[in-house]
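Structures follow.
Consider the two complexes below, in which chain A is the common component and chain B and chain C are the respective partners.
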Partner chain A sequence: MVEVYKPQSLKEALELLEFNDCTVFAGGTDLMVKKKQWTGLEPCFDKPVVLISEIDELTEIKRDENYLYIGAACTFSQLIESSLIPEFYKCVFVEMASPSIRNMATIGGNICNSSPAGDCLPLLYALDANLLIQSSCRNFEVPIEDFIIGPGRNILKSGELVTKVKILNSNFNIIKYRKVGARKSTVLSKLSFIGLADMEDKRLHDIRLAFGAVAPTVVRNREIEAEILNMYSMGLVDVQEITGYYSILIRPIDDQRSTAKYRKSSCKRLLEDFIKSLL
Partner chain B sequence: MIKNIKLQLNHQEIELYVHPLKRLLDVLREDCGLLGSKEGCGEGECGACSVFVDGELVNSCLFPVGKAENKQVLTIEGFRDTVRYDVLRESFEEAGAVQCGFCSPGMMMAAEGLLRRHPHPAEQQIREGISGNLCRCTGYNMIIDAVMLASKRGDGLW
Partner chain C sequence: MKTDISAPVKRDDVADKLAGLTCYIGDMRNEDMLYAKTLRSKEARAKIASIEYPVMPEGYFIVGKNDIPGRNRVKLLLEDWPFFAEDVVNYIGEPIALIVGSDKAVIQELIAATKVIYQKLEPILSIDDSGLLPIYGETNSFADYSFGKGDIDKVKRIAKYIYEGTYETGYQEQFYLEPQGVIAEFKEGKATIYGSLQCPYYIKNAVIDCLGISSDRVRIVQATTGGAFGGKEDYPSLLAGQAACAALKANKPVCLLLERNEDIECTTKRHPSRIRLTSYVDEGFKLIGLEADIVIDAGAYAGLSGVVLQRAMFAAAGVYNVENLRVHGKAIATNKVVSGAFRGFGSPQAFFAIEMHMEHAAKEMGVDPMEFKLQNVVKKWDKSTTGGIFRDKNLLPEMVQRVTEMSGFAEKKQTSKKPRNDNKRRGIGLSMFLHGCGFTGNGERDHIKAHVKLAKNSRDEVEILISNVEMGQGINTTMKKIAANALEIPIERVIFINPDTDRVPDSGPTVASRTIVVVGRLVYEAAIELKEKWQVGAVQEAECSYQYPEGYEWDNDSLSGDAYTNYSWGVNAVEVELDTLTFESKIIGVWAVFDIGKSIDDRIVKGQIDGGIVQGLGYASMEVMENQQGRFKQRSSTDYIIPTAMDIPIIQSELMCQPYSGGPFGAKGLGELTLVGSPIAYALAIEDAIDAGINSIPVRPELLMEVMADDKKY
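The block that comes next holds the complex of A and B.
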């Protein structure tokens, strides 16, 4: 049976991770299912476990004039209740899982799990979120799209910990989020879509579009977004052309939750609906 | 790695001698003999194992006991000694919200969690509040009626 550590500070956690190959355990809502055994038996972890959910530095939410900083071990309930978190983020968080899971599950866990269907990921991609990563010898910052490299895969190395999510304060006034699943709660999404727009007097200043669960990683493309802004500024918005661009990037699979065909056609309709709502 | 873990269980200080990764659900049922929390799915989907840890509703099947160290754990057995429990129990009985009864402890814990935050919930809030709990008998409507009834009858308790 493996060792279990409960460091009291970030420094202590990083020192532990430096010399031991460990499983980092935050909320545990994915890990406890993955490592589950028969009733009464301990879950079968193969490496020492480091419990990080109570480290103060990892559970803080802070905001300055430019950025919002979310500690990686903040639970989704904590984010929903925080006055520092913009309301439209909360539209995404309240659709995740169930109240009791949201009391445990953490934003850092959802990111490091790196599932294509991770519920907070399309929002974070659309917001250009950066992750702050620390080890005992260095700190660095990486955009979320460079962090996640495939289904369940990311660049985090042994000894490193995602400590914060850093998001530039933004000014979106049109928000559409849709999680498509078999039911409303405790469900993994078939697909998800988020559209953010900053629009003023019929002028579109910024647009962000992201799709979840329809490719190995979240789909977001800045060139297409720039082209859409360009189309708006010239008054020549071609919805067909826009959906055509995205249909190349949206490459879903058939699995037990849904089919590639359904996923792709639903994305197309959600996208069309969002673009038309801006006209 | 078996170790001593101290926590407060239903208002009593206890010390356990278990592996810290053992599920809180198993510790409650096997080591403490508290059989009110049920195992339905063991994956956080059904809510039958719901308990409070430091006032937060959690699925005890996903909660290693090591994470509960030095915290306050409240199970349905501890909650049973409160007036709020009595109000919820009567309301569940009267509304027909208990059939086979397997989901009832978890459902009542979820209802308690909801009423602590929203003493006078609207129907939609009740649906969201119990959205992590499965019931295969009632079709949920009677449970929603029960929570509504409890919030009226227990006005001022939450």
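The block that comes next holds the complex of A and C.
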């Protein structure tokens, strides 16, 4: 038998987690697959399960002057339907999995699963998203790239919960997102690319580039982005040089979904295309 | 009631299926029932040195090779495939034993605690001559056939153009919605098997051999079957034998259901192939000769590979008339999952090769591929590859004309060549194909000898008694339509129940696009007989047996004569848009015309057309199954990718009708034909977009990237 808790508030959940080693269960769309056994047997959870998907504090979406706050247990369908979520986020979310999975899967779950192929991660990296982490004794904020430390690995400790995603309101007017998978729906990505730019009168104010599924964690690099801004301001954009920088960071593998060569060269072409679109 | 038989009627199985009320094998429960799980080989090739089982608790059993009272061989073509491995294992996933008991958690622990000690042998993993110890016989091939006609040596001397090419196709998984499963019980000396299956009598014969008991002590009952596509033609015989032995040993009903990923990894797939073609063409662009060398990867045991190979060989010349021909084919044994039946049965591989070949040859000679193909298409009274006669008018030229109109083919061919500035390229391709319906060669006449029965009760309802199964393709409806139409009674008064071998005669397996054209005809004839002797309120029967049609000939030793009695035809066009950044291709249009003779139900026919085309498009594009050291890399439903509705546009299809006088109401076969042409049209569309040759499927973006980088033409 699996022991299941269903706390009614965030406080109750955090208290539970403080004293019990539990598996946190939000949408369950990854967990139920990982824990699946022979049909007819219960899923093999080795710890008690805490259900958090209906806790009000975790399912809110709020926006103030500076920030957008997304509750960690918001489902992707909820985000797609919300008027507070910018349209280009939604373009990323609608390419995830299938409608039935988006109805269950949560943004916090996708983050904590910490897969290099996690579909919302390149967007969150590009947006400089911070995560709010809470336990019964402390609250703190961490940038997403410091949270995820390897494939399936993050810094979350026992007793802690990711409660919100905090994103600075920004103004990007050039947006390119590509999820490359073997089919259009219900598929894990072979690679993904997001390019965001804030451009005005041929002047580039900001650029963000992130690549998914081509390294142990999402690839994003602020120094290269700064260098690109620098190149633009000088009017000396060297596409080859830029792709060369990323070539060191993009270290994909051969697996059952694709080849390292394909992943790397597709990233290169998508990047070149994005950079050229800014010229 | 006399109405147009093609007018769609409501399928009476659909409401329950949509509502989730239909009872499949996995829904069947029995209080005493035990569960079975398979202990499988983890080695591609090894001797089993020993097996250390944990102590079985009371009520738990090991069922292995020593628990088979009869022969440890699955009855198919050759006698090499064991129900349970004997001294050696020949592929990863091969069954060694079942662990049977009441609690699945306990069974799982027992399996985990079992240790199989292997002595590894070097596995044969490729169809190239490896020089390794053969798996089968001395040459390591399960079948090696040759046939020909005319004088190929003469055309070699006189041909103006000689063109050679090699074509490869990959694995394909059937991916039926419902995984494989059976329940076996043994009561009062009689074995009854319930299962998700296509061929009740194949299984009956396999279980008779396995248990070594008489025919009257084995009964097979089909459970409602959630898709099969050929995958439930051969493999259920293995499962049924295993479960029957388990039920005998445990003296309780035993349920053996495969899990989805277990099914993907361990059951039969479509044969990978490598086909070399050399064509000889004269100065007038007439195809005067063809040589074909066909090799298929059969996997560890023979299964149905011999007949799959024959169908591929007979299709070597596609829809073209070639008077001088030499065909050689081999089915090679490898230490991989057994290759088996799959919609098309060798034909999709052969048609891919010849259609790509004709296209490439035309381009090489500098002529229009469509003109070259149409010039060489078979006509009425031309001979088939095996020297059989095409007796009916071939509508292909009209069908090509119609598909080109529907698709705007000529115009699109032009626009696809225009440069664009959006990282996209478009291409369009068109394929022509046929499918010989019914068993190959003497199968229907000498092996199957189909027999059907109609039974009328005192309420004047008529039950159709045949061994063919409803598996999603609609025969529950179409068979009732045929009988009702012939009897001139309402369809509601015709009964069709899932076959039970204690009740139905052997009308053969549900395979080879034979159900409507062969069995449907027998049902029609029995219905006409019943109508003639109809007495209101009387209990009556009518029977009918297969008669080989007059005027046809087949010699199985020389593989010559009429390989099939009737042919269905198809023309498909596919348009793609290729992204030159990622080499992903989006299918933006599909157009199709088929000649299946008279349609028995237009809506059911449309279902088969759409399903077959989608399955073919998956085969050609995204269905990748690579084998690495004997193990599939794509071995789960997450990693083996089949198309969804998002990947396919609305399929525009039409029918043309050249009736077959031997089919019911002029109907011909349908099910397999619909899969044959779309892979080719897809590959040709990609070729058109990239202006370089494609010689293998699936055409995944990873492959396309290499082809375009190579810059190699055809």
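Following the convention adopted for this analysis, the second predicted complex is superposed on the first by the 279 of 279 C-alpha atoms of A that agree within 3 Å, B and C clash if a C-alpha of one lies under 4 Å from a C-alpha of the other, contacts with A are read in each partner's own complex, and residues count from 1 in each chain.
Methods note: contacts are C-beta pairs under 8 Å (C-beta built on N, C-alpha and C of every residue); 3 or more make two chains touch, one makes a residue touch a chain.
These figures come from a predicted structure and were not determined experimentally.
In the superposed pair of complexes, A:S77 makes contact with chain B only, with no contact to chain C. Shared-chain residue A:L51: touches chain B; no touch with chain C.
Once chain A of one complex is fitted onto chain A of the other, the partner contacts of A:G40 extend to both chain B and chain C. When the two structures are aligned on the shared chain, A:R269 is found in touch with chain C, with no touch to chain B. Within the superposed three-chain model, A:L188 lies in touch with chain C and out of touch with chain B [touch as defined at top]. When the shared chain is aligned, chain C comes close enough to touch A:T259, but chain B does not.
By the touch criterion stated above, A:R178 is placed in contact with chain C alone, chain B being left untouched. On chain A, the patch touched by chain B and the patch touched by chain C overlap at residues 33, 39-40, 184-186.
Within the complex, the chain C residues that touch chain A are 26, 35, 37, 104-105, 108, 257, 259, 423, 580-584, 622, 624, 626, 633-635, 638-639, 641-644, 646-647, 700-702, 705.
Residues of chain A that touch chain B in their complex: 1-4, 6, 25, 28-29, 32-33, 36, 39-40, 42-43, 45, 49, 51, 53, 77, 94, 97-101, 103-104, 184-186. Chain B meets chain A in the complex at residues 1-2, 19-23, 26, 30, 39, 42-45, 47, 50, 56-59, 61-64, 66-67, 69, 110, 113-114, 128-129, 131-133.
Chain contact summary for the complex, chain A toward chain C: residues 33, 37-41, 178, 180, 182-188, 255-259, 261-262, 265-266, 269-270, 273.
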